[in-house]
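Here's a structure for you.
Each chain carries a letter (A, B, C and D) given by its place in the written order, and its residues are counted from 1.
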Amino acid sequence: MHFASDNTGPAHPSVMQAMMEANEGYMLPYGADPVMAEVTERLRATFEAPEAAVYLVATGTSANALALATLCEPWQTIFCSRLAHIQEDECNAPEFFTGGAKLTLVGQGDKMSVSELRRAISGEETRGVHGPQRGAVGLTNVTERGQLYSLEDIRALGGLAKEFALPVHLDGARFANAIAATNASPAEMTWRAGVDAVSFGGTKNGLLGVEAVIFFDPGHAQQFEYRRKRAGHLFSKHRYLSAQMLAYLRDDLWRNLGAQANAKAAYLVAALECLPDVHFDTVPQANMVFCSFPRHLHQRLHAVGAAYNIWSGTLSGEDPDELLEARLVCDWSISHELIDRFVDVLKTG
Amino acid sequence: MHFASDNTGPAHPSVMQAMMEANEGYMLPYGADPVMAEVTERLRATFEAPEAAVYLVATGTSANALALATLCEPWQTIFCSRLAHIQEDECNAPEFFTGGAKLTLVGQGDKMSVSELRRAISGEETRGVHGPQRGAVGLTNVTERGQLYSLEDIRALGGLAKEFALPVHLDGARFANAIAATNASPAEMTWRAGVDAVSFGGTKNGLLGVEAVIFFDPGHAQQFEYRRKRAGHLFSKHRYLSAQMLAYLRDDLWRNLGAQANAKAAYLVAALECLPDVHFDTVPQANMVFCSFPRHLHQRLHAVGAAYNIWSGTLSGEDPDELLEARLVCDWSISHELIDRFVDVLKTG
Amino acid sequence: MHFASDNTGPAHPSVMQAMMEANEGYMLPYGADPVMAEVTERLRATFEAPEAAVYLVATGTSANALALATLCEPWQTIFCSRLAHIQEDECNAPEFFTGGAKLTLVGQGDKMSVSELRRAISGEETRGVHGPQRGAVGLTNVTERGQLYSLEDIRALGGLAKEFALPVHLDGARFANAIAATNASPAEMTWRAGVDAVSFGGTKNGLLGVEAVIFFDPGHAQQFEYRRKRAGHLFSKHRYLSAQMLAYLRDDLWRNLGAQANAKAAYLVAALECLPDVHFDTVPQANMVFCSFPRHLHQRLHAVGAAYNIWSGTLSGEDPDELLEARLVCDWSISHELIDRFVDVLKTG
Amino acid sequence: MHFASDNTGPAHPSVMQAMMEANEGYMLPYGADPVMAEVTERLRATFEAPEAAVYLVATGTSANALALATLCEPWQTIFCSRLAHIQEDECNAPEFFTGGAKLTLVGQGDKMSVSELRRAISGEETRGVHGPQRGAVGLTNVTERGQLYSLEDIRALGGLAKEFALPVHLDGARFANAIAATNASPAEMTWRAGVDAVSFGGTKNGLLGVEAVIFFDPGHAQQFEYRRKRAGHLFSKHRYLSAQMLAYLRDDLWRNLGAQANAKAAYLVAALECLPDVHFDTVPQANMVFCSFPRHLHQRLHAVGAAYNIWSGTLSGEDPDELLEARLVCDWSISHELIDRFVDVLKTG
């Protein structure tokens, strides 16, 4: 009953198989392997961007921080949600990689609206050289609270950024889930909507640890290569990154696994909705479910070994009926059986 | 009729005189001048801190950013008001000098309350190595909106910081105004209230350009010296900084000029309060006056050459009666006559 | 006939097997996996350092740069050989991770002598706050030119560093080769000789991409964890790093593969020494062979597909007899057959 | 008898006078003062560069480091002499301001030759993304050892830099001395010879503390302004920097003071050359004299209060006849009388 994160499950068998196959003989290092050439072509095709610069790194934090550093000057500020991964979960990596750029938090929630972004951008305008300068806009889709930006949302936010000539980065750690949930094409979700660079996540969706960074303007390529190298994120035995990503792209594995994870979450939600003690603040839209139920049910679940994060409140506490919010993440690998067992504990709690 | 800033007026004549006197013969560079030795002793006496490490730099931004970098690690976050100079007016200097620390904005206004600070500190607590780590608390007194932290305020905030073992920095660009307004002693306002380092401002209060950075724990001294040097803020002909600061400390000049500026502001406020068109959102407490009056009066003032910043709204606009907020700053040098003329324009507007 | 690098060969089958086994079920992320606990215990045992802080990262550059940043302040200088990987092959990663430390190049060659190091350290002593301050000493064993520091060498250099209270980092990208060649124990080669932190390399010796960073003083642990995270080098699916390292430590695989690579190089050297056209400037001591032979032989080898780096000179050139230096690297996986074929081409060239 | 440095003497009276005059009334801050407008025009005229971007800062280290950071990327290396101020005397400021660029030391001495520079540049060429990338060339005129680059030297080095498309920065802390000694025009010494940016020093030549940074390509202007601000080097009461520089430019004061200092040094050298115990390794070319004489004479001079730096060797030591090298710096203000007294001590030693 593991719903702790989509990084606690295994990699997909076909990815492991590709790793084994990549382990044959000699291969050029540092991304000059022929597998990477194929990855590049496939990612360009997937995004309908034949000129795109495509790179692989092994962690989401490095993908985001390197992309933002390439798009943003140290004296600028990055506009992002106050719950964004780059704000809350990267231990100041964007500040480190950019050489000291600031993050301006937009709005109060997880998803930013166009008016909130406009207000934030406008707020950084009147101080000449004194204030932080306007820099990149950082979006996340699926958001950290499991919400979706629709195509219309992205287009509107991207358009606003362009109005101010600001670059846009999309943290796509759960890009596959977003694509599966919206039925948008990768191109529509990104460059056609004004996105300049995307972190195309694999680690949370069936890979061992690979994210692609894609720049639609290849003019960013050289700078990114220096930044990646000096940050220790260029792999010598790059073939193992390439192999994972190639398996991910073959037969639409990435999209299928994203859809699979979303479907599991929908199955969970359907069951939870029947339980009177379970409350939803937001409608789950992808593979993450945020819902609240009484402390005694949390305690019961923990007693039987269910693993997930309590997002607000603490497990121990006096009031057994106090509502605590759970974050339940479904990855591609979770089984209906495990979900059923989890729900059963809640039912019989 | 210059109310634009307390950095647009001249230096005090006795400071200029001290500069002239310092210009005699040979003197050791880089702070080894005998004048600096006297400055150190006087500042230690002023702050009743015989062990304090005392340094001079020439700008407020360098004073703040160097002090914060000494107190704070790159993976930490600095808690400050959303209107703090370090947030709004230093073009990411704290992020640069600290090597990438973050700023967490506390509360909604200019002054933070204890409960707002507690909420902000608590908000950065649950993410292990992933989130920014709790770092220094940054206070400003007088605040950017001309408000005062009372001794009780500082003690409460300092005590809260100590509860979490966080260092406290006080941006005292207008320290003299705060002391004059509260009648507190420098020691009470700082180390006795939990402040670890203070930027003791002179530039806005009669000097040409000198701020002292004072650490009450001399264990910070060596690191600060390296940081100051590698940031290009160690002056070879340091005597001219020393001379300014010595003049500032002699005969309580710093305190007297602060009191003088506050008194001018009080004189201005008293006159403005009689005008029905002028509205105050907050009660001015030191040398900065924020008040609102109709656009046509602003236009009138600008037509006759009054210099000040419109803090919200724009001079040009359709509605002559729309209220626009002005920031009117009084430095030590402004004359009653100029104030009278300014008020007269408003009266007869 | 691949002698280009020890990062162009495959990973060892037992490592791949361990990866497959690690891919079962759910496992805690970010290094909290039980495999990592075992890795930690085994590395502590291997180094006879029960308190050591042990971390895994995926690249040698990140291992070195993160370790140095933990040991070294931004205003200091790192003493290293002018051919060191941290100087020549990391695109300024040490400067980036340390926040601006300098590298002082010691001596003229690949290995530094005690007197060269003493001269370099002494050279940075007389400028007070103005010059770079003395920081860490960075050693590499095996060196970039395939030379060994003996135990006596390391002890003498480590002792000199301790005389100046400087920390010592050992870049052990080829630590296994060094241990195999010297028959020293890991403890003797490191902390007993004055080394404070070591990058214990796996990538060049049979892993897919894992290096351990080991601090013998656990007081460095917390800082390293923050540095690793904010640099994007903390892996969410950490189990795959753990699994590789565990396989590496089991049954002394690391030592055996190092010995195997060294033996292959010795086999190659023995054959090359019989060829009158091949000249050695230095005696190969581990798994890298530097030797010179005429251009026409290089051209011949390249024509038949041999892969290796020409270290000085260029393949194309007028004089067929000009001596060009080759770097021939043997990894654990290269076969005697391939070596024989390479030598045959040289013989019949 | 102060020969310690050209930063231990006083500022020129006409500069002090200008400071007093600048202290009248209100003036716009942050470089918007009308005096700065005149400074800009005069510096453009002086350098025959009507488009040049011109800025003032207060220290040489900030001038150099900000200029280099504007010209150079973090993954690049700056080519400079191993005795350059940016290498030896700025506590890693260039590394800090650039965000981690490296310094590559050229040649063995103080002045680099064209062939040495070519070798150094060529040495950083063959490692793709792995090595540091070629960045700016940093020259110093007058050098730290009091030597001159002739116009021919600068042209040749500048031309070489241009061959590799590298920008050139000239550290002109003693630019006035170089101009006075060579009779070159400022334009000839800089942009006509391939220099892209110059630190035009005033602090060592009669000012209290001002250096101009001049970019001949105004395309660098905006970046420099952000860099200056976020480094705390933009002065609010900028008028006092402007006033100094304006006095410096009026009536060729800068050139005259440089010539005066050079003449004083020539006077000193002429006297020293008559003393059999005094040896010169290099011919002094500007205002710094490096010469060696026996320890007992150094001790004698120190006993009577002469102030200067012993550049090699230590004052205390057994052998009274051991030659120790002195650095004797003449600034504009030193008198013939003081020089005579110094020489007399040597004579009668």
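FYI, contacts are C-beta pairs under 8 Å (C-beta built on N, C-alpha and C of every residue); 3 or more make two chains touch, one makes a residue touch a chain.
These numbers come from a predicted model, not from an experiment.
With A-B and B-D as the two chain pairs, more C-beta contacts join B-D.
Taking the options C-D, A-C or B-C in turn, the interface that duplicates A-D in more than half of its contact pairs by residue number is B-C.
In terms of the distance between Cα centroids, subunit C is separated most widely from B. With centres taken as mean Cα positions, subunit C sits 51 Å from subunit B.
Subunit B and subunit D have CA centres that are 34 Å apart. Mean C-alpha positions place subunit A and subunit B at a centre distance of 41 Å.
Annotation for subunit A: residues touching 2 or more other chains are 74-75, 90-92, 96, 99-100, 129-130, 133, 226, 229-230, 234.
In the complex of the two chains, the subunit D residues touching subunit A come out as 30, 73-75, 99-100, 129-130, 133, 223, 225-227, 229-230, 234.
Across the complex, subunit D meets subunit B through its residues 2, 4-5, 7-11, 16, 19-20, 23-29, 57-63, 65-66, 90-93, 96-97, 203-204, 208-209, 226, 229-237, 240, 307. Residues of subunit A touching subunit B in their complex: 74-77, 88-92, 95-96, 98-103, 105, 127, 129-133.
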